[in-house]
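Both complexes shown next keep chain A, but they swap its partner, so chain B is in the first and chain C is in the second.
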Partner chain A sequence: MSTGAKGLQQRQNFGVAQVILFLSIAVLVIVVAVPVLLILFNAFWVDGHFNLADVIKVISEPDTYQALINSLIISAGTTIGSTIVGTFFAWLVTRTDLPYKGFMKAMFLVPFMLPSFIGAMAWKMLLSPRAGFINRFFMRDLGFDGPIFNIYSYAGIILVEIMYLFPFVFIQVCGALERMDPTLEESARISGAGLFTITRKITIPLVLPSILSGALLIMLYSMAHFGTVAVLGIENGIFNIPTLIYQRIHQSAGSFASIRTGTVLATVLVITAAFIIWLQGKILTRGHYQIIAGKSFRPMELKLRALKAPLFIFCLAYIAFTIVLPTVVIFLVGGLKTYGLPFTWENLSLNNYKFILFDYKLTKDAIWNSVTLGFSAAVITMFAGVMISYVIVKMKVRGKGILEFLGMLPFSVPGSVIALGVILAWSGKYGVNLYNTVWIILVAYIARYMAFSLRANSAALEQVHDSLMEAARVCGASMWQTLRDIVLPLVKPGMIAAFFLIFLPSLRELTVSIMLYSPTTRTIGVAIYTLNEDGETVMSAALAGIALILIVVGQTLINRFTARKGAK
Partner chain B sequence: MRNRFVVAFFAAVLFFAVCGEALAAQKLIIYTSMKESLIGGIVEGFKKQNPGIDVDYQSAGAGKLMAKIAAERESGKILADLIWTSEVPDFYSMKQQGILEQYKTPLIGEILNPFGDYDGYFTAARLGTLGIAINTDQIKTPPAQWSDLFKPEYKGAFGVADPALSGTSYMSVALLEKQFGWEFFDKLYGNKARIGKGSGQVVDDTASGELAASLAVDYITNDKIAKGAHIALYYPPELLMAPSPIAIFKGTLNLEAAKKFLDYLLSYDAQVLVASEGTLSVRTDVKNADGFMLPEAQDALNRAIKIDYIEMMAGKEALIKKFTDTLQGKK
Partner chain C sequence: MEEIIKIEGIVKNYGKHKVHDGLDLSVQKGECFTLLGPSGCGKTVLLRLIAGFEQPDAGKISIGDTVVTDPANGVNFSPDSRGIGMVFQDYAVWPHMTVFDNVTYPLKLAGTSKDEMAARGMETIEMVGMKGLDKRLPSELSGGQQQRVALARALIAKPSLMLLDEPLTNLDANLREEMRFEIKELQRKLDITVLYITHDQEVALALSDRIAIMDDRGKIRQIGSPWDIFESPADPFVFSFMGIANFLPVKRSGGDYVVGNGAQVVNWKKPADNSSDWVAGFRPSDVEITHGGEGLRGTIKRASFLGATMDYLVDIDGAHLRTSVETHEALAKDLMFKDGEGCVISFHNLLWFDAESLKGIEKQLEGKGARA
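Then we have the complex of A and B:
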């Protein structure tokens, strides 16, 4: 640490700079580095010595091996499917004359907001083999012998994940297609190339990096995804790595053997994630593909002609089927007296919604916990993020690269790994025992969302020119005064953005809190999941409906807020 | 602006300080695996009779509660004053570990006591039963014997809750194995029985028709019947009973209040509430509530499959694994 802030800083600020740097490193090491390192350490280090044989033994157990394979199957299927769906829709809304493109684009981004485990619950209600509403309709009313689709299967899990993850590719490809220099395509056309040749030789190579980077994001996400597999897979014995970690730890009430199995599985996840990130970096740095003009040319639009109406109807049907239908089902089931009754007026009421908001202790506690946890995590990471970004962006000190690395680490570390890491770090072995309290969830949230805050704050800080601070210093302001009067007011929008970027996702968070909750510290996500598991299907759906309202209202407010900021 | 952020920050810190404080305050805390419908009314009734005592309860699966208690013990203090679940072997092991307070309730003479070795460390406060819940739209002839489950109408559509998640399910698997041997589960596998999730979910799945029938806890099923679900509960002659004991933790700061709650739970008023939820009261003077197809408590006790809980304690993980492997055909 003593190598710190001397460099180019003046002597009199030595103290403040030193303190900021020290604090930044301390925060990141304690919150982020220690948990992740403990996982690796516990995976490879048994009884005081390095033990690789044991790791291999754990991986080659049939259950764990199967979970690894399942994770691969599910994430591969999801990635391929989402890439096709995302690219196709992106092309439709940017490069064709499809009607109502703006509306379509907005609708295709909606799944971004919706928690996929709530979607999985909805699809379970629609397509479970014997009782799903769609299957029952086909069997009872159309005389089918068996269900048309069994959602408790690999295909079911993959399809549901595709519905909620394809926006990752969609958004990237839309961006690339919109910013692409149309003169490239035009010159090809002038030179006599047909549409097919242009697409193959110009368009696809240009957007390929965006497609691939979106696809890798999906792969990363799906490998480590808990909710969908937990809701749809466990019943038929389909486990992936996060659900197996959860089940082992849940079953044994946190015994060491299960935690060790967990750390080995988590290590596999970390290594895969690191590989994916490395691959993504490689693809994105192949700069010569990134010919993006940045000028607002209007790209030429393909005339769909006879296909226009069918494609338009297809898009509407897709939106109705994957977004509207599941949402409606959640709200309807949430209104039922008890699950299994038909949707008739005498069976439907708002009583469940009233009950979970005002009378049901478990759900009231869960909403309170999620709001306070999200708020506290957002406030803390917002301030810590500003401090750390300041060191990274503005301070000229040696060793800040490590800060950058540490800060971005949780971005690539899956949620269940972070959860396992904080269990190892904060369950009393090192003096502090937070396990089974609300604090352990807070620590995990801070670790998980630090990267969000760093991104938002770094972007804001880069906009603040050094000359402003230098001017303040020339006028005799101290380092602290400069920070307070110049820097903070200027980065405020970044801080606010960071706040919401953390507050909203934490309201619907499941992967981390499901591993860490205790009877007193359920979050909204945990409450929805456990109510569903306990067979309180209608209550669970009602709470999910309320969560959806909270999320959509919150998101709309942010969009309003940021749009207004941008306009100023 | 900056001030506002600082204020917000301290407000957040304060929030949590208050949360922590509230938990630490003098208040009776009960950990229970009883669902909201059962525990909520009882706590309300107790508060009404004892206005000076504040009561809080946390309801979760027995496994989750035991994990929390284990963690709390490690950090030095069990936060709960009482525990009321249906996983009887847990109580024997807690007694063995010496974390339960001995309290011989004066009301013991008024109740049906399923524990021959009663010594005041824990007292049965409800006689839970498990039967076969059927979806009345799908199954027309009610099951009379356990062996009816091997019939074709139950094929692929009979569900048992995962014993790893549900204490009552674990109890009933142990009891059925004791009575009929593993052959029973082999035959269930032959008829493609399914492992569900929690003990409530199999009942909800039966109500929705996803399952035609399930191994079901009495009050969970009766609660849904009362709400209009198309299900019914039947008991074969060999009865599955899971008594739900309540115990006081040693070292509680609210010992007198805890004793009062335990006695209240065994009193006529509370047991009427227990019975009204569609499960069996432990009191001889409380009759089953109308409208439920429940056996009489004394008769149920006589018919119940007997098991040695102390023996059960040791074999839990092995039993669950064998059960899961059997029903998934992994043997």
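Then we have the complex of A and C:
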């Protein structure tokens, strides 16, 4: 360089850009596009030609039809219930003088962390018709003739789902209420409107887009939700779409008819999900009023007066009943010698926990599998995600919109659909057979969590201005050296965030792994679920307790880590 | 003189939008050459074409003796192989590296030994006035200091050519003034060629050996020394770009040149050829307004008190011009006019432009606040 302009050597960085582009497309096509396309192909392509009549025939079979209806009933009930609960609590913690609002807000977000199938198991222990602790207490000690509540019912499933899904609405509405310009309400007040009128005529219409968007998110989640229905519904023959797909695939070990049913049901799920996401996008763009500004205001607070104490007690009771009680039950049952014994000191010990951590091969393997799978999936997805984000954010190539679409697709494709697609793609039909190995779960995890990684990494890359890379190029760095010395160090926080966003959820994953596991490749979620199904309730509860500890500790560590980063 | 950059027939399109259509330009070795033009005129695109961040659709660019871009023959040197230094508008200092690491990065890539790197790094850091700050991170530096780091980084490999893309725009006014002299001094001391891009005519005048004025269609209107450009602008565009400009329409009538639709003769040396429609261009400071005496008779259409100055819009036989007088001077010399009052206008300096050449720059004029 010091020789200046004379004697320049032509150097073209042909290669690196092309390699990155090619790899990005290859990863997304193989991991995401092929499985999803195979589902559509298998659903509509029968005996070598397009066949819609057969699709309708499959849907109109009594079992499949019933599963569709059940999915609708459960998701409708869950959505309505969660929206009411979420909006009410959001209003309480942002707009009233309820005491300890900060603590309440934190507690209402706890269900986000807890896997709902573990919650469902806890409620099964509490409210199953004959053995449930609460029902038994009422029948034996209070002389009731029958159980006061049967958790194995639509109502039971819906109530449990509400407990774990309402934070989706809660968090959205809290955000909107906090960002709303209080002068809008104040001017209505000056005009003589009472608080009730203001809430009804001004506040609610302004936050309606947030409420609806949160509600649609819950509907999407609930339609495709496996865990709660699997734990509480199968007993009474209540199947929704994901549980029916699981049951068919599981029972028939991959027969043609079951795969057909599975793919048709999966297609219904995909179409519904696409519709819900489209609707949500429409509501969000239409509801993007300027009035809800980006900055925080100090909103006016409603004085609860006489209602203050009752509402406060109600909130505490809700938290105690829906969050503390199930968690305590899981840990207590996990400590029992045998399921069914009363909770006395003689019957409780830490032996189960010791046993599943150190001696029981099934659970030891499951923990090992989940940790290694989660770690590998997180590392692979983190690196693949940074590469694909680089193409999407920084490279000027045609067709990168397709990459973006493929990368974000798994956000709208439910886990059971991904699992089914992965089975279709990797069961030896196309030369590679990963079925019954741990690799098929890894591939599915990568597909499922790619969108998380793309989000985190894209956000980080947007912060890296193009001129930072160009400056390196004129300093004499090749494209590869620029990536190594400038881009990667600068997006490291995004990559670390992506890692944890994948590693933690994969520790509690059930929907995907339950479809793909073999006796030697159980994950923590699968082990908890199958132990519970096999009647090993205490072992199942003990493992669930350990999973909860892992999740809470992990989440706390991340929060610490990100909070410190943010403060810097 | 030896050419260091030679640009021949560059064509660059973005979709249907033509940024450059057959542009030629050359920069001599050792000079400080400024490309001056309004924002969006394509000057940054030209710089990026020279640096190799963009490829032209046609044309040829040479740096020194080497053709670095020539799409017709498949020649395209990557930015890292062009041997240039560059300073960006937003500094582009790497936030995760210390001042020293930022500055010595080009040497590290070139495989320079640790000792030499330390010595040259410190020398360059000192040269840009950042001594003692080598261990700082960019987040601990002010904008001006960050730009000095960027300057040092571009200089350390001793490139024979340095490209600067509006490097002073993001700095505050005082710092901008100080930095432009420093850049000029470094350029002289190190005997490097500088190609400087800016929309700020003051910076261009202060820095440059030569200036090229580019219009908003990417066409070069005039190339010359700062003095040439300022005193003998080639056309109304250049004239108005270099400062507030008035244009007074003038018609040939016999051997004389009269203002607007009246019969008052402009008392100034005559234009070079004898077309019939002309404009007389002048700056507000070239206008003298009085109550009587020699000059063009007009009426005050609007008198505005702007604090330090009095601003007058004058009508001369249907043609308008704007001038201002400092308020204290207006008071001392009894030059406070009222709306509708008569006045006499004379000129210290005046330039003739063909009326045709005024067309198409109206938009530019509006932006500058001048009236024809």
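FYI, the second predicted complex is superposed on the first by the 551 of 568 C-alpha atoms of A that agree within 3 Å, B and C clash if a C-alpha of one lies under 4 Å from a C-alpha of the other, contacts with A are read in each partner's own complex, and residues count from 1 in each chain.
By definition in this document, contacts are C-beta pairs under 8 Å (C-beta built on N, C-alpha and C of every residue); 3 or more make two chains touch, one makes a residue touch a chain.
Quick caveat, the model's predicted, so the values are computed rather than measured.
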First (chain B), second (chain C), both or neither touched by A:Thr372: first
Chain A residues touched by each partner, larger count belonging to chain B or chain C: B
Chain B versus chain C as contact partner of A:Gly194, first or second or both or neither: neither
Partner chain(s) touched by A:Glu470 [first = chain B, second = chain C, both, neither]: second
First (chain B), second (chain C), both or neither touched by A:Pro310: neither
Which of chain B and chain C A:Leu490 touches, first, second, both or neither: second
Touched partner set for A:Gln481, first chain B, second chain C, both or neither: second
Chain A positions touched by chain B in one structure and by chain C in the second: 489
In the complex, chain A residues that touch chain B: 128-132, 136, 234-235, 237, 247, 250-251, 253-254, 337-341, 347, 360-362, 372, 375-376, 379-380, 383, 427-428, 433, 435-436, 438-439, 442, 484, 488-489, 492, 495, 518-520, 530, 532-537
Partner chain C, residues of chain A touching it in the complex: 1-13, 465, 467-468, 470-479, 481, 485-486, 489-490
Chain C residues within the chain A interface of the complex: 4, 51-53, 63-66, 68, 75-86, 88-90, 92-96, 105-106, 109-110, 150, 153-154, 157-161, 163
Residue numbers on chain B that touch chain A, as the complex places them: 1-2, 5, 8-9, 12-13, 15-16, 19, 23, 31, 35-36, 40, 57-61, 63-68, 70-72, 74-75, 135, 157, 164-165, 194-205, 207-211, 220, 224, 227-231, 328
